[in-house]
Amino acid sequence: MAKKKVLVATGGGDCPGLNAVIRAIVKRANQEPDWEVVGSIEAYNGILKDPMELVTLDSKAVAGIHVKGGTIIKTTNKGGPFNWSVQSPDGTWQSEDRSADMMERMNRLGIDSIISIGGDGSQRISLALHEKGFKIVGVPKTIDNDLASTDYTFGFQTAVQVATESFDRLVTTAESHSRVMIMEVMGRDAGWIALHTAIAGGAEVCLIPEIPYDIEKVVARLNSRFTNGRGFAHVIIAEGAKPKDGGIFGKKSAEVGYENVRLGGIAFKFSAELKAAGLQADIRETVLGHTQRGGTPIAYDRILATQFGVKAFEMVLANDFGKMVTYKNNDIQSVSLKEAVEKYSTVNPDAFIVRAARGVGISFGD
Amino acid sequence: MAKKKVLVATGGGDCPGLNAVIRAIVKRANQEPDWEVVGSIEAYNGILKDPMELVTLDSKAVAGIHVKGGTIIKTTNKGGPFNWSVQSPDGTWQSEDRSADMMERMNRLGIDSIISIGGDGSQRISLALHEKGFKIVGVPKTIDNDLASTDYTFGFQTAVQVATESFDRLVTTAESHSRVMIMEVMGRDAGWIALHTAIAGGAEVCLIPEIPYDIEKVVARLNSRFTNGRGFAHVIIAEGAKPKDGGIFGKKSAEVGYENVRLGGIAFKFSAELKAAGLQADIRETVLGHTQRGGTPIAYDRILATQFGVKAFEMVLANDFGKMVTYKNNDIQSVSLKEAVEKYSTVNPDAFIVRAARGVGISFGD
Amino acid sequence: MAKKKVLVATGGGDCPGLNAVIRAIVKRANQEPDWEVVGSIEAYNGILKDPMELVTLDSKAVAGIHVKGGTIIKTTNKGGPFNWSVQSPDGTWQSEDRSADMMERMNRLGIDSIISIGGDGSQRISLALHEKGFKIVGVPKTIDNDLASTDYTFGFQTAVQVATESFDRLVTTAESHSRVMIMEVMGRDAGWIALHTAIAGGAEVCLIPEIPYDIEKVVARLNSRFTNGRGFAHVIIAEGAKPKDGGIFGKKSAEVGYENVRLGGIAFKFSAELKAAGLQADIRETVLGHTQRGGTPIAYDRILATQFGVKAFEMVLANDFGKMVTYKNNDIQSVSLKEAVEKYSTVNPDAFIVRAARGVGISFGD
Amino acid sequence: MAKKKVLVATGGGDCPGLNAVIRAIVKRANQEPDWEVVGSIEAYNGILKDPMELVTLDSKAVAGIHVKGGTIIKTTNKGGPFNWSVQSPDGTWQSEDRSADMMERMNRLGIDSIISIGGDGSQRISLALHEKGFKIVGVPKTIDNDLASTDYTFGFQTAVQVATESFDRLVTTAESHSRVMIMEVMGRDAGWIALHTAIAGGAEVCLIPEIPYDIEKVVARLNSRFTNGRGFAHVIIAEGAKPKDGGIFGKKSAEVGYENVRLGGIAFKFSAELKAAGLQADIRETVLGHTQRGGTPIAYDRILATQFGVKAFEMVLANDFGKMVTYKNNDIQSVSLKEAVEKYSTVNPDAFIVRAARGVGISFGD
């Protein structure tokens, strides 16, 4: 008799731990004699394209992949079953709902259910698919750790660790040269990576989207380091950091010689802003970029991801659909997809961790 | 007016993150104009010895120490105010209760309260001191993560990361040579480090104190790797791992040529046991030893430790004594010292994380 | 009787291994009962300023410093005995020769000789001091490894290792997303770090100052990755990389929205240039900045630096002055300072290592 | 027309960098339209077994392997064309010369020449094959760096780096607890790894095969650390370290409760010996084992290995056989296989690097 099949897809930006989730699903499924796992290449593109790009995921395919960053079934931020780009006869591009076709394809291939590993956007698609009758389980994935329904997502701790190790390297050179170092980390809407790195590394200033900064206060804090004799300072800046009321950074970037078409590179822009605001010290910039979301996951993320994968498959086994796996109160649990997509978790300026950051001398420029 | 003083002491085995706790206490205390921090060298020995060994901990003393392993105020497993060794006139050594003297010394020095960072033993001492009227706050510290009142303790994730990185290195050499690798990790009574490392690394066998193993089953699992074509295997063994019913390992160690005077080195002993039980493959051993509990803490542990330190000092400020800081349900909280020392947390064989480990093919030899 | 004193100074940009040199000098000197080591803070500023900033370097001062980046006696790129800034009565600043005063200060303090650890500029100062009668030994230091008289300088291998580890992290995210990653490394005039990192990491394109690139050829090489099915690519760019005949990068930077006041940030500029030249793929940028020259040195650099330090002090002992320590043909040797400053070592496009890079598919855009 | 084929085999113990050599050979060969590369699985076993185990190595097979430890074509210490085990009709095993058969198989498969990557033993086989008319190029491989004809072999610097990072972790725990730490590293006949790690880490004692130690002197050196106030110490011991005149370690191991059937675990044995010789301090042991020869190679080794691979294939192209690639005087060169196997390089007690080690306070126990 044909085995039952579960489709696995990874969507959104990549994240250390994705492969560990995939491996755990496959290894757990292999313990059930009547199940097998199929991967769709590049999120749902694999099953929606012609010809389809699907791959059987057996134990050989996943051997040793948990130590690797990225995802062996690739990922994309674009498209999806409800938003498929098709070219009209007149040459324009339009968006099409392919969900019915996707159901038809799954039936034809004998695919019973779906495990979708992805971020906010992917989980919204999962909810919509579930409402259309798809048997689906979600696994949360966000490098930014900004989902309210789970305490941690895999990949986040790796990003923090990578950023912290880079920060540690900057400290000795800042000290030897009496400089201000600016390090840009990811975080367009949530400042979790910046906040954690600032505490772990010991920054003097941490700028995050949730707490708009006052450039005068930042300069004052940095200058205090030089007048009190320490003679060097470090700024962690999230790519989505915002000034309190625009200023050079917000309004007059062309004047300071920097015109950014997209996020990334804010470190250089902020450096110019600091100089314009009167900081005398030498400044040096580092932009970690995608080093934060690639490469070998740290143990913490592999363990969390492995538990997510096993849990997700066991939910499939138990016909427990329409839910997303979560890590809550030190326990692997699940919530409804509906609830999962409702709340977004940004840094609460009143949270204890922010107070702890202030307690060790970190200024948020507010 | 003289400042109020809080005494800080670190007791028990060292742990990455101790210095981050100390730094956080000092930095937070420095924000209060009327407080200062005094360190007692080698747990309470510093205040009990003559001459005393106390050190003022100011911001210069703690600058940059959060990235360093160990503890700048040193630690010890021996002694303590209730168990002070004194030599009688007849030359024999006896244990003495020095707690009243310690109170007297604190009063003389103007020391108001204590923050004691330590493990199970240290917290019992803290409870006893509290019951004698000392104003004391505890901060938990155990590399083994075996305190029930806190979800995680700093240092544990660093130990797991160090062990996992070593494990990763063994994998490629095992693969190239078709060998069985045995890696010994810490854990005399609790198998948390072994369990986490086995999942993170992808071991085939994980032996922990909580689940006694059957050597025949271990050999069977290892042989299955060779017959199914993978041709190599990895065993993680906690130093306190126990066989189901003794056997060579428990009873006849002399016969297999190894006589261990204390824990450590079980990898070699178990290697001999495997050979005696008929394993044909080449075996190689690694004993990580204290590399697991020294060196730079990973970011996770620095952040947890920093929060513990700030919280502990804020409890001192709030006159909230007789309690221990905890991390519970993703929040920094506190419990009474009485409750803190009551429960010990070992691996529950029915916990989801153990099921997840089995789900990815890890055998516990049971 | 007073001990003989040797002055140690570190000049120029910092470099992992500086502290290991200092420690080795001090530990070796401590084996001679009649010698002691004095450190001048911030290159020669320490001895030239009023009040002077000098520090006795004993075994306690250097304990454990070999694992730390930076320099415990600080460094600077500015000033020096022949180029001391003084303000004239009319308020203008002028440069002054303080070498005679420095000799007088040394005599007064009983300082016999100097070990100067620094780059090209520092060694030129050493040569000039030697010609004025100072007893001086040079130790080479350059993160760029661009001194012809020594095969390697400490710090360089650490920079390459840091850059390679970052590169490794970019690979998995590039693969998963079908992107082009640009990573900027140090190297204004010499492309050694870029070349080594490109080979170690496995880049497709490596742009260095010594081989001007043709943007069309770079785009062609990158596009070939997408048409041949690999679907992602990596560019390592040295901060001093130059296009063959200007183009957008050289001449029209304002047009592509980027105006760089100094080196650093070329990754963003080059990204804009690639897009302007027609590259379709998504691009992401990383700027490692000073993470490359700070932090714990790798073992290789600690060992080289330790040997340099011991050798330098033994040359002082042997009255073997006017020379610089070198590592040549796998041996610690020395050359005259005159010879040391004469030749600069940039990447020879015909060298075997460049051929090897091309042999593994790296394009230099030429 | 059929392409010319070169056979690649890896023999002896594994070494970080093997895969980088293989990748470089394949990438370079792919630039020649009429060449292809064939891998023999498990040294020459792949071509000598029935059925043969050969694999075509194309660019897809080697993509990204340079960052992985081990060897994708596996390795073995046993067998070889001159020493093939065959079972006689009477059941006994005998050694057979299969070299003529190997030549016949190569001719039949159209394999023109061989690149053999291996240690001392492999190069001796290469020489014998060359003398029988095989067109062969050798690439040196030894984790111990003990070949006199090349200044460095890939893998060695990775082993030193791994050992140094472990050592760094031990330092903080030794300091905090006033202990003696013993770390065992590889090196049965050559103490290079131990010597380099001792300098890089800053050990107090380094015991290597080339300099037999006096246990009394070791104890004296360790005790001096406690009496001079540092209060902790580190011993690096090579697995082949030897006492000057036997003593407990050499002769009476049964008496101290340790009977070692093979090398490995000397740390525990030496620990017992130290106690027996009167050391009072607490001792802790670490045995790095195969973590030293597995896992991701550091950049240095990847670069050296890549150059070796390109050079080896270019020698094949140039019909330059009977030679081994070397790294000598900072240049990639070659020597005759005859010369290559003649000299073995152990630590010369009079070398500058040993003097430098003594200069920073390392005792060899002599």
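Letters A, B, C and D name the chains as they come in the text, with residue numbers starting at 1 for each one.
The rule is short, and it goes like this: a contact is a pair of C-beta atoms (placed from the backbone, for glycine too) under 8 Å apart; a residue touches a chain by one contact, two chains touch by 3 or more.
Since this is a predicted model, take the numbers as computed values, not measurements.
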*asked:* Give me the set of chains touching chain A intersected with the set touching chain C.
replied: none
*Of all the other chains, whose mean CA position lies farthest from chain D?*
A
_Rigid-body rotation angle, chain D and chain B, from Cα fit (steps of 5°)_ = 180
*asked:* Can you work out the whole-Å distance between the CA centroids of chain B and chain D?
replied: 35
*Determine the centre-to-centre distance between chain C and chain D, using the mean Cα coordinates as centres, and give it in whole Å.*
31
*asked:* What's the distance between the Cα centroids of chain A and chain D, rounded to whole Å?
replied: 41
*Hunt down the residues of chain B that sit against at least two other chains at once, touch-wise.*
168, 171, 296
*Should the pattern of chain-chain touching be classed as line, ring, star, complete or other?*
ring
*Chain-chain contacts as defined at top*: A-B, A-C, B-D, C-D
*Please give the residue numbers of chain D that touch chain B in the complex, ascending.*
13-14, 16, 18, 68-71, 74-76, 162, 166, 168-178, 181, 257-261, 264-265, 267-268, 272, 284-296
*Give every residue of chain B touching chain A within the complex, in rising order.*
23-24, 27-28, 31, 63-64, 66-67, 151-152, 157, 160-161, 163-164, 168, 171, 196-197, 199-202, 230, 296, 298-300, 302-303, 306-307, 309-311, 313-314, 328-332, 352-353, 355-356, 359-361
